[in-house]
Amino acid sequence: MDERRHTARLLVSCPDRHGIIAAVSGFLSDADANVLSSDQHSTDPEGGTFFMRMEFRLEGLPERRDELERAFSERVAEPLEMRWHFAYGDQRKRTAILASREEHCLLDLLWRWRRGELETDVVAVISNHPDHAQDVAGFGVPYHHVPTPAEERMLELLAGNVDVVVLARYMQILSRDFLERVAVPVINIHHSFLPAFIGAHPYRRARERGVKIIGATAHYVTEELDSGPIIEQDVGRVSHRQNVEELERIGRDIERVVLARAVAWHLQDRVLVHESRTVVF
Amino acid sequence: MDERRHTARLLVSCPDRHGIIAAVSGFLSDADANVLSSDQHSTDPEGGTFFMRMEFRLEGLPERRDELERAFSERVAEPLEMRWHFAYGDQRKRTAILASREEHCLLDLLWRWRRGELETDVVAVISNHPDHAQDVAGFGVPYHHVPTPAEERMLELLAGNVDVVVLARYMQILSRDFLERVAVPVINIHHSFLPAFIGAHPYRRARERGVKIIGATAHYVTEELDSGPIIEQDVGRVSHRQNVEELERIGRDIERVVLARAVAWHLQDRVLVHESRTVVF
Amino acid sequence: MDERRHTARLLVSCPDRHGIIAAVSGFLSDADANVLSSDQHSTDPEGGTFFMRMEFRLEGLPERRDELERAFSERVAEPLEMRWHFAYGDQRKRTAILASREEHCLLDLLWRWRRGELETDVVAVISNHPDHAQDVAGFGVPYHHVPTPAEERMLELLAGNVDVVVLARYMQILSRDFLERVAVPVINIHHSFLPAFIGAHPYRRARERGVKIIGATAHYVTEELDSGPIIEQDVGRVSHRQNVEELERIGRDIERVVLARAVAWHLQDRVLVHESRTVVF
Amino acid sequence: MDERRHTARLLVSCPDRHGIIAAVSGFLSDADANVLSSDQHSTDPEGGTFFMRMEFRLEGLPERRDELERAFSERVAEPLEMRWHFAYGDQRKRTAILASREEHCLLDLLWRWRRGELETDVVAVISNHPDHAQDVAGFGVPYHHVPTPAEERMLELLAGNVDVVVLARYMQILSRDFLERVAVPVINIHHSFLPAFIGAHPYRRARERGVKIIGATAHYVTEELDSGPIIEQDVGRVSHRQNVEELERIGRDIERVVLARAVAWHLQDRVLVHESRTVVF
C-alpha cells in the first residue's frame, strides 16, 4: 500500500494533433516520473479524438500532487484542450454492489475482492432480497436489504459515499432521476450478447430464436435500457440440446467473468468513454 | 464411391413416445443393416417432437431400396406417424453457389469442394459480377454472369437442376416468388451475429454500437429477412482499435468457416429444421 | 427427489457388431421404459468398441431393479459380451474434495453444489491447510485439516465412504498405494493445457516459453503424473503483457470452469474411459 | 502507394529507464512527424528491456530519410543504448513461400495477398511437389519445383532476394547452414498447440492422447525443432467423435488463420523478438 502512494494514472482525451505524446511524456519525464505503462488511441489521426492512459511512479508523489496537477494543467492540458484526470494509487475507489435474487455475480465479485483481484473498497451490498445476508456477512461487508420501491432509500445509502455502483444481476430498472442523483458510473451485466435480446428474458428469447452461441455484456448504464457503452462481452457455445435452464446455467459462468473483467478494468482506470463507445486500454 | 452405394442415412421426425429408437433400430437390425452412427433428440419426452438420424451400411442396398422404403413405411413410419427420408450415399446433392462482388466465401467453398471436404456436385456458380469467371474456371465449374434483375434467368438455370442453393455473400434479396419456385433449401451467410444487426451494413453498425465481439451466421433463407433457422454461428474478438475495414477483414475469416460448416452439415443430412430452429446432429 | 427414483442411466460398452442399439433399446421398450436421451459411439464399426448411455424413466423402477438387471444381463449383456452398469437417479454419488492453499476451485464447486448444479452429496473437504475451515463451514460441509504426510489419515476418512474424489488444486502427488486403496475415480485439475507443461509451475513455464494461449485440463488421476484420461480442457488468450501472476489470475477462471464441467459430467455418468482416453456424452 | 512514401515505422529496443517515450516522441514531434499509432512494452520497469513501435507520417519523408536516421542515431539512440530500425511505408518486404503437398496455407496466403491483406511482394513459391504449379500461376507468382534435397537450389533462388521466408506447411527440416545463409527471418506454421506435440504427426498424437482441443502455432524458425519464438497460436474444440482425418480437416482452418495473422503482423513490423519470446504490438 505504501508503494502505491507513489504511483498514479494520468488519463487524457483531446482533439488529435501533432505532439501530444511528446508533450505528456515530456512533462512526466521533466517531473522525474518513471512511466510504467502507456496506451494511446486516436479515433482518427486527422480530426479525431486522442485518448491516453499513462501509469507512472514518482518518488514523493503524495507531497507533489497539487503542484503536479497545476503544472500539468497550465503547461500541457490547456494548450492542447485536454480533458484530464490523475488517479492516485492510494485513492481506492469505493464500490457498492446491487443484487437481486441471483447471487452468482455478487459472490464472484466479493470472492475476487477478498483475493485482492479488485482494487477497491466494497462499502455496501444492497439487495431487494433478504437471502444473501449471511453470505455477504462472511466477507465482512455491510448488507442492506432494501425492498422495492428502493431508489430513495438506496440514494440515502449511496449518494456521496461511493465512486462506482455495480449491478450484479440487479433486476430493477433504475430511473433517470436515480442515475443523475447517484452521480457516479453504474456498471451493469446484461445476460445477452447485446444488441441482441435487449430487455427481459434474454435466455428464453435466445432459445426461441435458436442461436448457437449465447453471451453476456457488461456496460455503463444510461437512461436508455441496455444501450450504454459496452465495456466487455464474452460468449459460450450452445446447441439444440440445452433448454432455457441450461442456457441460464451456462450463461452464469459467462456473466460473472464478463462483469468481473469490466469492474476490474474500470477500477484500474482502463475504460474511457467516447460518445456511445468505450476505449479499453 | 462404390462403397457409398451401400450406405444411407435415415432421417426421422415424429411425435415423441415410447419405443421409437427400438422400432427404428430393430427395423434396421432385422434388415441386416450395420448402424454406423446414431443421433437422436427430443424437444420434450412428454408430448414433444422426436428427431433421429441413423447412418447405416447394408450390403446390396442398391437393389433393396424400394423394398426397404416400402417396408419401413408400413411397419415403422405409419404406426409412429413419422416424417422420414432415406438419403443414399451415392446420390450426391447438386449445389449451386450464388455470389456478388466479395469472393472469399465462394473461393473457400470451391477449394473445400476440390479437396473433397464437401459431398456434393457443384453444378453452377452464378454472380451478378463478372469478376470471378477466371477463378471459377480454374475449378472446372460453369460460371454464369447474370446481371440484376436476375431472378428469372437464375430460375431458368436452377429450377429442377439443383438440390441446394448457397448464398456465398450474395447481396441481393431473393423474393418470396423465387424461393417458392426454386423449391430447394437456400443457405445464406449473414455477416453478423444474428439476431443482432439484421439487414444492411452489419459491420458498420457493429462498429457504431461498440461491440467487443463480431460474428457471422449461416441460416436457411425464409421470406423474412435474416430470420430463417440458424444452422451455425461463430465469433471473433475486436476492440476499439479496429475500424470498419478491419472488422470486415476479421469477419471474412469467420464468415467462410461458418458457411462452410453449415453447407457441409447440410450435405451430410445433419441439419433438421423444427419450427424456426435447427437440430444439428 | 421422488421423481428421480423412477429414472436411471444405463451405461454399456462392448465389441461393436450389428444390432446393439436394437437389442438395448428393444429391451428397454419391452420393459415399458421411456428413453429420455440416448448417446452412442463406436471407435470403429469394424472391430472397434461400442459405447452407449441411455437415460430412461420407468414407473415402479425402485421395485423392479433386481429383476431388470437380471433380465438385462441374461438377455442382452451376456450374448453381446457387454460391460454394463445401471446408475439409479436416487443413488447420488458421494464426493470428497481435496484442496491445498488455493481456494478458487474448492469454493466454486461448493457454490455450484449449493445451487444444485452438481448431483452429489459432498461428504467431506480435506485440506493440508487450515485456512478454508470457515468458508467450508458456511456450506455445511465437514472440513478436515490433515497435515502432510496425509495419505493414511485421508484413507481412514475416505475409504468406503466416497464414490469420487476431486482434487481441487490439491498440490500433493498421490501415491499408487493411495489410489489403489481409495478405489474410486479421482479427478484432478491441472493448470496447463496438457500434454504441455506436465508437472510443477506450468504458468511460469508457459510464460518462459512465450505461449499466446494458456489452458487447464481436468483428467482422471493415474499413477503416471498428469497423464490420465482427459475429461475436459479449455483455454484463454494471453500476451507479452501478462506476467506470471496475471497468467495465474486468468488461469484460475479457466481452471474452475473446466473442473466444474468435468465433475458435473462424471456425476451424470457422461464420461466413459476407453484405454487412455474418454468418451464424453 | 504514393501516400505510403510519407509514412514509416520506428522500432526500438533498449534497457528500460526514465524518459524513453519522451525522448522518442519528442524527437518525432520536433521533426514535425504525426504519430499515427504508438505501442510500448517493458519487461520490467526496473532493469528490464523496453520495446517501442511508433508509426508516423512525415511530409517529405523520402528526401529526409538519411538525415532523420542520422539525427535519431545521434540524439536519441546512442544516449539511450538503443537498437533501432526505421521501416518505410514504400519499402515492401519481399516474401518467398515454401510448401509441400498440402496447399491450404499456401493458397490462403496468396488469396489474402491478392486481396491486399498482406503488405508484401510475393516473389517466389517453392515446393518439393509439382502439383501447385497451376494454382500459383493463377496468382501471377513464379513457381519453382525443387525436388529434395533442395537446400542448395533454394539458396540460389532466395539468398539476397527475399526479406522473409514463410513455411506454409513445408515438411522438410531446414538445416542450420540453410538458416544462416538465407539470413532472413523464417516463419513456420506447426500443426499443434506448441509446446505440445513437437515434431512429426501432431494430430495423430493429439488423437492418441485424447485432447479435447487442438491448435496451431506460428513461430520463427530456429535451429531447434519447433522451439523458436511463438508469434501466434489458436485452437479449436474436438471430441471423441473425430478421427485423425477429421482433426486434420479442423486443424487446416486453424493453421491457415494462425499463419496468416503471424505473416501479416511480421510484415507490419509488429513482432519484436526478445530472447526466446515475442512482443506483438
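The first chain written gets the first letter, and so on, giving A, B, C and D; residue counts start at 1 in each chain.
Simple rule for what comes next: contacts are C-beta pairs under 8 Å (C-beta built on N, C-alpha and C of every residue); 3 or more make two chains touch, one makes a residue touch a chain.
It should be emphasised that the depicted structure is a prediction, and the values quoted were computed from it without experimental measurement.
**Q** Going by C-alpha centroids, which chain is farthest from subunit A? Tell me that one.
**A** B
**Q** Same or different for subunit A and subunit D, when you check if over half of the residue numbers at their contact belong to both copies?
**A** Mostly same residues: over half of the interface numbers shared.
**Q** Any chance you could check whether B-C or A-B wins on number of contacting C-beta pairs?
**A** Answer by contact count: A-B.
**Q** Quick check: how many Å separate the C-alpha centres of subunit B and subunit C?
**A** Taking the mean C-alpha position of each chain, the two centres sit 36 Å apart.
**Q** Centroid of subunit A to centroid of subunit B, CA atoms only: how many Å?
**A** So the centroids are 42 Å from each other.
**Q** Would you please write down the residue numbers of subunit B that are in contact with two or more other chains?
**A** In subunit B, no residue touches two or more other chains.
**Q** Report the residues of subunit D in contact with subunit C in the complex, numbered from low to high.
**A** 41, 193-197, 208-213, 215, 229-235, 239-241, 274, 276-280
**Q** Considering the complex alone, what residue numbers of subunit B touch subunit D?
**A** That would be residues 104, 107, 111, 115, 117, 134-135, 138, 249, 253, 257 of subunit B.
**Q** Applying the document's contact rule, which stretches of subunit B touch subunit C when the two form their complex?
**A** These residues of subunit B touch subunit C: 18-23, 25-26, 28-30, 32-38, 40, 42, 45, 57, 237.
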